[in-house]
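The letters A, B, C and D name the chains in turn, as written, and every chain counts its residues from 1.
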Amino acid sequence: MATLVQAIRLALHVGEERHGVTDIFGQDVGPPLGGVFTQTQGLRSAWNSPLDERGIVGAAIGLALAGQRPVAEIQFCDYAFNMVDLLKLAGGICWSSAGDWNCPMVLMTPVGSGIRGSIYHSHSFDAQATRVPGWKIVMPSTPLDAYGLMLSAILDPNPVMYLAPKALLRTKGAHFERIPGEPEDERVLSKMIDAPLGDRSKWRPEWPDVKDVLVPIGQARVCRRGKDVTVVTYGRTVTVAMQAAEALAAEQIDVEVIDLRSLAPYDWPAIEASVRKTRRVCFLNEDTEVTNFGEHLLRRTVEELFYELEAPPKLLAGAHVPGIGLADALERASVPQADKVTSTLRELARHQP
Amino acid sequence: MATLVQAIRLALHVGEERHGVTDIFGQDVGPPLGGVFTQTQGLRSAWNSPLDERGIVGAAIGLALAGQRPVAEIQFCDYAFNMVDLLKLAGGICWSSAGDWNCPMVLMTPVGSGIRGSIYHSHSFDAQATRVPGWKIVMPSTPLDAYGLMLSAILDPNPVMYLAPKALLRTKGAHFERIPGEPEDERVLSKMIDAPLGDRSKWRPEWPDVKDVLVPIGQARVCRRGKDVTVVTYGRTVTVAMQAAEALAAEQIDVEVIDLRSLAPYDWPAIEASVRKTRRVCFLNEDTEVTNFGEHLLRRTVEELFYELEAPPKLLAGAHVPGIGLADALERASVPQADKVTSTLRELARHQP
Amino acid sequence: MISTIPRDPGGAEESALSPELLVRLHDRMLLSRCLEERLIRMNKQGDGFFWVGGPGEEALNTALGLLVHKGQGPAFDYLHLHYRSTATLLAMGAEPIDTLRQMKNTATDPYSAGRNFCNHYSVRKWNVAPVSSPIEVQFSMAIGTAIAQRRTGGTGITVVQGGDAGTAEGDFSSCLVWCSRPSFELPCLMIIANNRWGISTPASEMHAERNIADRGAPFGIKSAVVDGNDAESCYRALEKAMDYVRHERRPFLLEAMVSRLYGHSSASGANFVPDEPDCLVLFEKKLEERRILTRTAMDELRAKYTQQLLEASKRVREEPQPRGEEIWKHVFAEKDVVREGLGPRAVTRNGTH
Amino acid sequence: MISTIPRDPGGAEESALSPELLVRLHDRMLLSRCLEERLIRMNKQGDGFFWVGGPGEEALNTALGLLVHKGQGPAFDYLHLHYRSTATLLAMGAEPIDTLRQMKNTATDPYSAGRNFCNHYSVRKWNVAPVSSPIEVQFSMAIGTAIAQRRTGGTGITVVQGGDAGTAEGDFSSCLVWCSRPSFELPCLMIIANNRWGISTPASEMHAERNIADRGAPFGIKSAVVDGNDAESCYRALEKAMDYVRHERRPFLLEAMVSRLYGHSSASGANFVPDEPDCLVLFEKKLEERRILTRTAMDELRAKYTQQLLEASKRVREEPQPRGEEIWKHVFAEKDVVREGLGPRAVTRNGTH
């Protein structure tokens, strides 16, 4: 089974071979490293850029305008805050030129906590990203989604932000979630496409013949059907929600877990259908909790489904503090943990209106 | 009566004379112009900076660390998106050094629509600002509040963002809201402190002896007491809410208008008390509506006051599009207008639970 | 007046420009001036909310427009211009009435459908990237079109232009760094129109550089300074510089010393500034002296253009304004217009979304 | 090996450093190396999540630490350092065990209370501004402390240091622009520790500058390049440069060619790199040759420090970790510690909030 990061790499490979991707670039994206998380190893269009996020995004915009198909990377989303103006610019190119131009580029960046990354390698970007109109935004939590969303992002005529939950990069998918064409044996896959340690100058990957899979942007995935309470989430916290759901199953509480996968546009029909069914909903993410994207979803839920609700809807999100501290206890206190998610869902399910 | 922009200037003058303000700087802040809205005319500490927002904020941080008392300006908040990382840095200096340092600086910037400023002179900054922990954030809607909040900002040991609603800069306060010490006659005031047109090289302002007034950061102002429905807002839309309230008074709908004044920290007790009374609430601002600060306030209201509510709480905010278009109809369609606010409040008041 | 200092590429004896070319240069310079004067008049009469434009840059910008290899895609020149590039567009063949449409923010404005300020051009079919108000971001975007052109080869180049004050922004530095990477030099012509002002702030107080062009030196980027008030010098300097970039496929930095004949914008009054050299007056004097055009002929031409533009402005006044609901158009592109325009090189498949 | 090229201020014959000074230099360099080796060992043994530090920069950074005018407030030197500045802090007198505490993210870590990565110092009483992970932002902040010192006069200067790759960020350019403004030159020493790498990316592929120091020239900023692997050269170059900045009150740009002896960080393995010159080995050889220290004495000293640090690391292991609820501490400063530390110059009034 491919890991999430291998799935990204496979999709980028398919992108450059079959879908016109011309440039995969950013800091340490090209050889020898191939990305600080191995995400771009062995790709023929991968190259290293100067240490300059503004240049990276500017270059991607220009490449897109010139009919190339760029996939640019910001090494950690923590370092994407010096060019929010350029994100706004890219998101506004089609709109401000009244449709004269479009700007088809992919910007990928690792997000979130979970690797004890301290203040500047633990940031989330979902709230910031959803504040920039004109972008599509995706965030996978499984290898197959990572693969299919990347291909959809590459083919989209708009700028697409691809948020990769860094804590999940090494996780594998479920058996039925295989990428069509990937080798049965994960050691075989690793041997084919993972760069060796040490000297890599002579190494070339051997790409498996994987098939196209497009995960449509804007479509959520119901990871677990349930009837008692809904949790709407994405990225790393999907796994936390699933843990909580398993724990609660033992208590006869049946949790529906929705992995949003796309944040813009997002799958309102999926949320609506679930809330109409369970009448209890928790929005879960790990970005800081003031002016948080989950608050948008909650607001819309309240505006449109107020009388469907049998409990006050909840948000679980990150603490509104300037960073995530290095020590274990600090990180754990800063982002929602399984126990808190479990107790919140339990309370929602048991809530007497 | 001082206008809002004159009130800012008076406060900055008091700041440099009595409270240690050492530097008031930014693009075109110093002579001869004294700010694109006249906000810094005649101030002895005002100086012009290079055209470099990152340098401006970096300089302010450094000045603060060196014990100076800087008030930096970003000419339009539309141009503040290339240094969000530095805002985060400033907001995190105390926290990441575990209290070793603090960073007392004021960053002021004009915000919002209302002057037909098109795509890049109409932005709001409240949603973005509230996403940066460690900052206090204020936004006046009257001259006296503008004055008192600026003095509080100057005296605060933390970084304070001062968002000035540009459409209100030329508006005057109510009679009872005079700044203590300002001349009775507004023409006299203008003659004393407004720079003449043409050559200003010999002009010196004559400052009235205004007294200190501190508007505490974190304290809302109830602009209008009412019992039927609450509107929580700030900045330019305070005036829109007041118009709507007047219109509805004729229909025997009694609207309570809360001017939040501080966005961080914000006055939750004031919101809570009002919602407990009216049981119907609308959050109103003009920033784009996805991942909007009003959504945070609404979420907290739902979480804490769900069973107090007799109608689904509402958000009225700006359209989630890449910019505000120049043409009248485009601007009007992009930010909440009085008629929409009025009808929303009417519906809320008349809503049958 | 600053004289032409062709430092590099230099030396070669300069052939005189043909009389036909001089007449053509004059024609477009004059038309551009008349257009700006019409725009200013419109703004003062309330037909349009804001004026910013290029009176004083006509010599430079007309020459640029005449020298551009016009067309769509990397085989032709990409243009990343600023809000003073009126003459460039007219010299390329833009219809003056379209500029009036943008001034009056009509629905018929082909550059932004009434969304953007005047002189904010966007012409995909001629590779003119959307002009946007934030200073200097075009220098980041230019990197990308130049990378594309480095790859595709041929003679298409990237031209990026901005003001003097804006070079303090990091984006200018980014462009220098990225354009000069060893073995990765980019075919990019950077033009600085140095009018010695940033709004009200004199360059002499902000910039230690003797010439901004000197900033190329540390990167091995060749540069020149040209008298932007001399049309022939501009033409020759641009011709040389473009020729160098086209064929050497390396960057070049050209600084032109220009005038700012109506101040910064309508925000500063848009009144004629008598004490700066006027490139049009100087050029007309030369043409008269050399008996290429008579005073009468030039006066008649001016009268004709003035009259035509007056009539055009009346027509524009009758044209429809955009409707509010149009703000929702073009937030996302539905198809990939950029790549479709490039023909068979574009990917043929679109996503399923 | 790169030889010292004192370009400016230059020429004067160099007096030999005293034996006492050489011994002191060696002592702190050695201690710093032993400390880094202990940190790396701790990380490999699981005592600390991440290592980044300065082995290879000891010659430069020790000299800097010894030459700093240490104290609080603008009369003393401000330091805006990077994550390789271990030796600077030790030379200033920092306790090695405190660095171990930060490595082990204990509650007792005086620099960040367990919040930040190791070698991210913050010492207000010595004017050491908080080191933060985002590359190059210290070059923006440095502007501010230098402005303060320009104002207060005296001999205090601002020192800002970063790596080579980081100079591609706009902040480096900002620092050059702001430091060299005509009649507003700033007493700022910019140091580039050029190890020819940005993580995995060689400078030779990203930077056309023959020397990064050349980037001062367009701004009239004097500069020099020094062999960072030669302790004496470093000391003398820094002494000269600091003397110039202190007394001329003008900026200086010093580039030191250094080694990166354990790779980028623990993320890249933190293994010893045998093929780069080792400043400590070179210095010890010299000291032995000149009979200032014997091999045995130096070996014994190394053994002593190694032992002391091992013991200290064991002690640190027993120290308490921060508790989760502490994340809420220091989000806001309650008092103005920066200005209080400066004594009577600070405003005496605090706000009422």
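In the analysis below, a contact is a pair of C-beta atoms (placed from the backbone, for glycine too) under 8 Å apart; a residue touches a chain by one contact, two chains touch by 3 or more.
Keep in mind that this is a model prediction, so the values were computed, not measured.
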item: Winner on C-beta contact pairs when A-C is weighed against B-C; value: A-C
item: Far-end chain from subunit D, centres as C-alpha averages; value: C
item: Distance from subunit D to subunit C - Cα centre to Cα centre, in angstrom; value: 45
item: Subunit A-subunit C separation of Cα centroids, rounded to whole Å; value: 40
item: Rounded Å distance between subunit A and subunit B, as computed from the means of their C-alpha atoms; value: 34
item: Residues of subunit C touching at least two other chains; value: 112-113, 115-116, 132, 134, 168-171, 174, 177, 181, 205-207, 331
item: Shared-contact residues (touching 2 or more other chains) in subunit B; value: 49-50, 52, 54-55, 79, 82, 85-86, 92, 95-96, 119, 133-134, 321-323
item: Residue ranges of subunit B touching subunit C (in the complex, touch as defined); value: 27-28, 32-33, 36, 48-55, 78-79, 82, 116-121, 319, 321-323, 325-330, 332-334
item: Touching residues on subunit B, where the partner in the complex is subunit D; value: 19-20, 22-23, 49-50, 52, 54-55, 57-70, 85-86, 89, 92-104, 133-134, 136, 151-152, 155-158, 214, 216-219
item: Complex contact set, residues of subunit D against subunit C; value: 168-174, 177, 180-184, 204-210, 214-215, 217-221
item: Residues on subunit A engaged by subunit B in the complex (per definition of touch); value: 54, 79, 81-86, 88, 91-92, 95-96, 119, 127-128, 130-131, 133-134, 264, 288-296, 298-299, 302-303, 306-307, 312-315, 320-323
item: Contact set on subunit C toward subunit A in their complex; value: 73-74, 78, 80, 109-113, 115-116, 120, 122-124, 129-130, 132, 134, 137, 139-149, 151, 158, 170-171, 174-175, 177-178, 181, 329-339, 341-342, 345-347, 349-353
